[in-house]
Amino acid sequence: MPDLGKYATEVMASYAVSLVLIVALVAVSVWRARSAKAALDAVEARIKRNG
Amino acid sequence: MIALLSRDLALAVRAGGGFGLGLAFFLIVVVLVPFGVGPDEALHARIASGILWLGALLACLLSLDRIFALDFEDGSLDLLATAPLPTEALVSVKAAAHWLVTGLPLVAAAPVLAILLNLPAMGYGALVLSLLLGTPALSVIGTFGAALTVGIKRGGLLMSLLVLPLYVPTLIFGAEAARRGAEGLDWTTPMLMLAGITCGVIAVLPFASAAVLRVNLR
Amino acid sequence: MIALLSRDLALAVRAGGGFGLGLAFFLIVVVLVPFGVGPDEALHARIASGILWLGALLACLLSLDRIFALDFEDGSLDLLATAPLPTEALVSVKAAAHWLVTGLPLVAAAPVLAILLNLPAMGYGALVLSLLLGTPALSVIGTFGAALTVGIKRGGLLMSLLVLPLYVPTLIFGAEAARRGAEGLDWTTPMLMLAGITCGVIAVLPFASAAVLRVNLR
Amino acid sequence: MASVWEYANPKKFIETTDRILPWVAGLAVVTLVGGLIWGFFFTPADYRQGSTVKIIYLHVPSALMAINAWLMMLVASLIWIVRRHHVSALAARAAAPVGAVMTVIALVTGAIWGQPMWGTWWAWDPRLTSFLILFLFYLGYIALWQAIENDDTAADLTSVLCLVGSVFAVLSRYAVNFWNQGLHQGASLSMDKEQNVADVFWYPLIVCMAGFVLLFVALVFLRTQTEIRARRMRALLARERLS
Amino acid sequence: MELIADNLAVARGGVRVLEGVSFRLAAGRALILRGPNGSGKTTLLRTVAGLQPAAAGRISLDREAMAYAGHADGIKAPLSVAENLTFWARMFGQAGIDTALTAFDLRGLADRRAGTLSAGQKRRLGLARMIVTGRPVWVMDEPTVSLDASAVALFADAVRAHLATGGMALLATHIDLGLPEAAVLDVAPYRATAQVGDAFDADFDEVAA
Amino acid sequence: MELIADNLAVARGGVRVLEGVSFRLAAGRALILRGPNGSGKTTLLRTVAGLQPAAAGRISLDREAMAYAGHADGIKAPLSVAENLTFWARMFGQAGIDTALTAFDLRGLADRRAGTLSAGQKRRLGLARMIVTGRPVWVMDEPTVSLDASAVALFADAVRAHLATGGMALLATHIDLGLPEAAVLDVAPYRATAQVGDAFDADFDEVAA
């Protein structure tokens, strides 16, 4: 761990906020991608089955 | 009553009209003020609490016409009036839904927007508390105004005209409490007055709103 | 085109929505500001020109949804779209009607309301001139926003969100010109920029509005 | 070599991006994590700004991407208007939330940085102000996409908004500059980099910027796929209801 | 239970349009109002349903007994068909919406956003609402507007089912509803002629006389 | 002049509802569209009137030739009946509104605020608007909704007068319009079945195929 001096809070806060936002964005994107793919596959399979 | 409340919340979320946009308007008013008065930050700090209160008030005001107008236009209000639900309950539910959708998000957003206007750090507590106490009054009074103008096509601006004077006491005490907080003074008195107004208004005004609504639906 | 303009003006007057209410809203915003920021007159004088511009802008903004929404709801807009009138002309007429009904009265009322906010005497000229030059841009830009959101029920707040960032340049130059006037400085540059924006916007934006309106009426 | 327009076919687009997405995503993770670790752990504190200089590794790349995302949306909107390729409209739609989050990161890190440097969270500096306006444009753009049901209508409207918005964003930038001369750093990415940022900070910064670019590309690919699938599904369900 | 209108006068926009209207509607019976455009059918129905006060005369049941369906259906476009109906069922304290969905053949549309329905489908949804009110008196203004022949038959069946449970129906229409058993009342003869407009006018005349 | 629809496909909400619709309408003739609720009549009429683009096929006349009357009448409540009509007459560059007023028996109501009309009176005003457009093709969606028998007769006369001057009329309805001479087209057989939804889906299927 580097010595952040008297600005430790600011630096840590910046990294924390940014990483949280990025991880949230990625997580939401991946989750939506998964569910959209699953839902579409389900519908396509059903339509194929029903002719 | 719960059915009505949950329908109104669902509609607010579904129609994309609810939270997001009231908030956005608040944000935008706050953002535009510096463009209007110039980039002097000391000046911003002085007017910050007042502008935030004013912005919250306007954001509330603008969403008032959704309270009844949509239901009136598509005939739901006629049908609701014949449903087994006292009109007082109807207007109270409508006011509650309005507050949940508009007032509460404003309270939550105010501290963030206060940063933009350089509100002094010690002012945050009083600001949030005053908004939390004051916005329910804004919703209830607004519901009264909306009930008054419900039959009028695009009554939006007329309603603003009627409602704004009614908002004055709430605004005065709310903004005063917030300003005293920002200046580090004692804010108990205006805050108590504000709380008093809110309680009084919640207790009494729904009867007036219901009476007015019944007349308008006749 | 004249038929449309005169009908819109007649409707604005007849429905009690037009002049009166835009003005009233302007008045009320200006009146509420002192309650928000407290009773310090020197402070009022400093923020007067900015608040007046902001009030004018909000009054304009609030009346935007009348531009198309009423005609959309009752089906007139479909019929107008099939009438022998290019959509560009339609949106221009609508913008002109909006300005006549909202912008012009605001310009006329601003000096009176400036008294309430203790605007320094030398500021009146620049204030009125900047509003006269700026409000047409507000109407034209607003018409674009209204055309974008015409199909959306109660698109009012969404429209505010879309329009306000577009209003920023106009507001900055307009308020800057007015402020410089009030402080006795030279205001030629911002006034020229304002005039430039207005001309540019009038020349180009109707095409965008017409395109967007055609899409929405499809 | 086939024309690039072939990738405007949604199915083809999904197939192609499925193949390259893992690589882009992997590379993004590697550069981003590498750059940030380098910057955070292995660079010295600045003699003037102390350790706060480490914020630059988040602040500058995110600011950069906030603007570039909008530019990408502008290009995609133009492609939609001119050639009406659905994928480009959906890509613009997919990019908007990413750009908005980037804007938020730039704003938040800047605000946190401002506290020690300028003694204030927020100042109405031109660059900061125009970023705030950019954020509003993102919000409006996203809200408009969500408010309209018909996908083609929404694509048409949002792309015109993006065009008009871009013009006004530039105009706002000039207006804001005129209105207030700011405190903010000038551009440090100019050719004579030595003048502004020392090499020790500069190299990890470049890696971070590359990481953000790759992250953006990966996210846009992924999210565009999602939008395509969602739209396809809406169409299928609607069809099914009819038959 | 019986719906009795006794010497009813109804007004719109401060002007009396009908006067001296009396009728009785026993449980299990339907009454159809007829009359040319502008004769006052809508005004009469709104008065009976308790949406506006009568200018004179009285109605034996109060509005807690009535379910009204006018030209506007009170349908929320963003909600689905089932959500719209469920809402009204809950408002009126009723349990299920199944009967209503079946009666108007809305099962296939239950998950559709109400805003995307065609004119006739919307109307069917509006009519289905009557069933979930559980109210004894149905007051309906031109209920079959926009309905095709098979939907009109569904409507007639629904009304008959309602009457069979002891309900009543008061309907205004210009076209055939497929309810030959219903009594018909032509409102044209009751057109208002007396010059007394409202309480204010009456006060005036009193003094003048 | 002739209105030819050639292999038309129409879509609503991104979904095709009708396909392969072809018809010819010669000057002086009327065509009535029939079909159950939700079959796509409204969508077809809006497409023919040029209010929405066709998904496929073509229409021989462009929208400058059409006058459309849908469910909404475009009536401004604060204006009088005469003012409403005059406005449309001026928009379409026509001179007088007298014929229109007479044709729909609106003389007595000319100075009334349109907002105070009854449902049928409003509808008559909406129909009178067609006359002042001076357009050759009348495209009308359920024009006689809310009209009483005598007003339906007025409507039939107005359509006949329009046809007599070489006009055309395309009407959708569920009920009798009193126009036995008009040809009838049932749209039910043209219900869309093909799998192509829109341009986006077409792109999709192309590669899959």
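Letters A, B, C, D, E and F name the chains as they come in the text, with residue numbers starting at 1 for each one.
By our rule, a contact is a pair of C-beta atoms (placed from the backbone, for glycine too) under 8 Å apart; a residue touches a chain by one contact, two chains touch by 3 or more.
All of these numbers come straight from a predicted model, not from anything done at the bench.
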Pair joined by the larger number of C-beta contacts - D-F, B-D: D-F
Furthest chain, CA centroid comparison against chain B: F
Most distant chain from chain D, judged by the mean position of its C-alpha atoms: E
Cα-centroid distance, chain A relative to chain D, in whole angstrom: 16
Cα-centroid distance, chain B relative to chain C, in whole angstrom: 24
Averaged-CA centre spacing for the pair chain E and chain C, given as whole angstrom: 45
Interchain centroid distance [CA atoms averaged], chain E/chain F, Å: 29
Shared interface positions of chain A, touching two or more other chains: none
Two or more partner chains touched - positions in chain E: 71
Junction residues of chain B - those touching two or more other chains: 15-16, 21, 24, 28, 31, 35, 38, 153
Chain D - residues contacting chain A, complex: 36, 40-42, 45, 50-52, 54-55, 58-59, 62, 97-98, 101, 104-105, 108-109, 112-113, 115-116, 215, 219, 222-223, 225-226, 229-230, 232-233, 236-237, 240
Chain E residues touching chain F - in the complex, by the definition given at the top: 12-13, 35-38, 42, 71, 116-121, 124, 142, 145-151, 174-175
Touching residues (chain side chain B, partner chain C) in the complex: 15-17, 21-22, 24-25, 28-29, 31-33, 35-38, 43, 46-47, 50-51, 53-54, 57-58, 62-63, 65-66, 70, 153-154, 156-158, 160-161, 164-165, 167-168, 171-172, 175-176, 179
Chain D-facing residues of chain B, complex: 16, 20-21, 24, 27-28, 31, 34-35, 38-39, 41, 44, 115-116, 118
Partner chain B, residues of chain E touching it in the complex: 49-53, 63-64, 66-68, 70-76, 78-79, 83, 87-88, 90-93, 129, 133
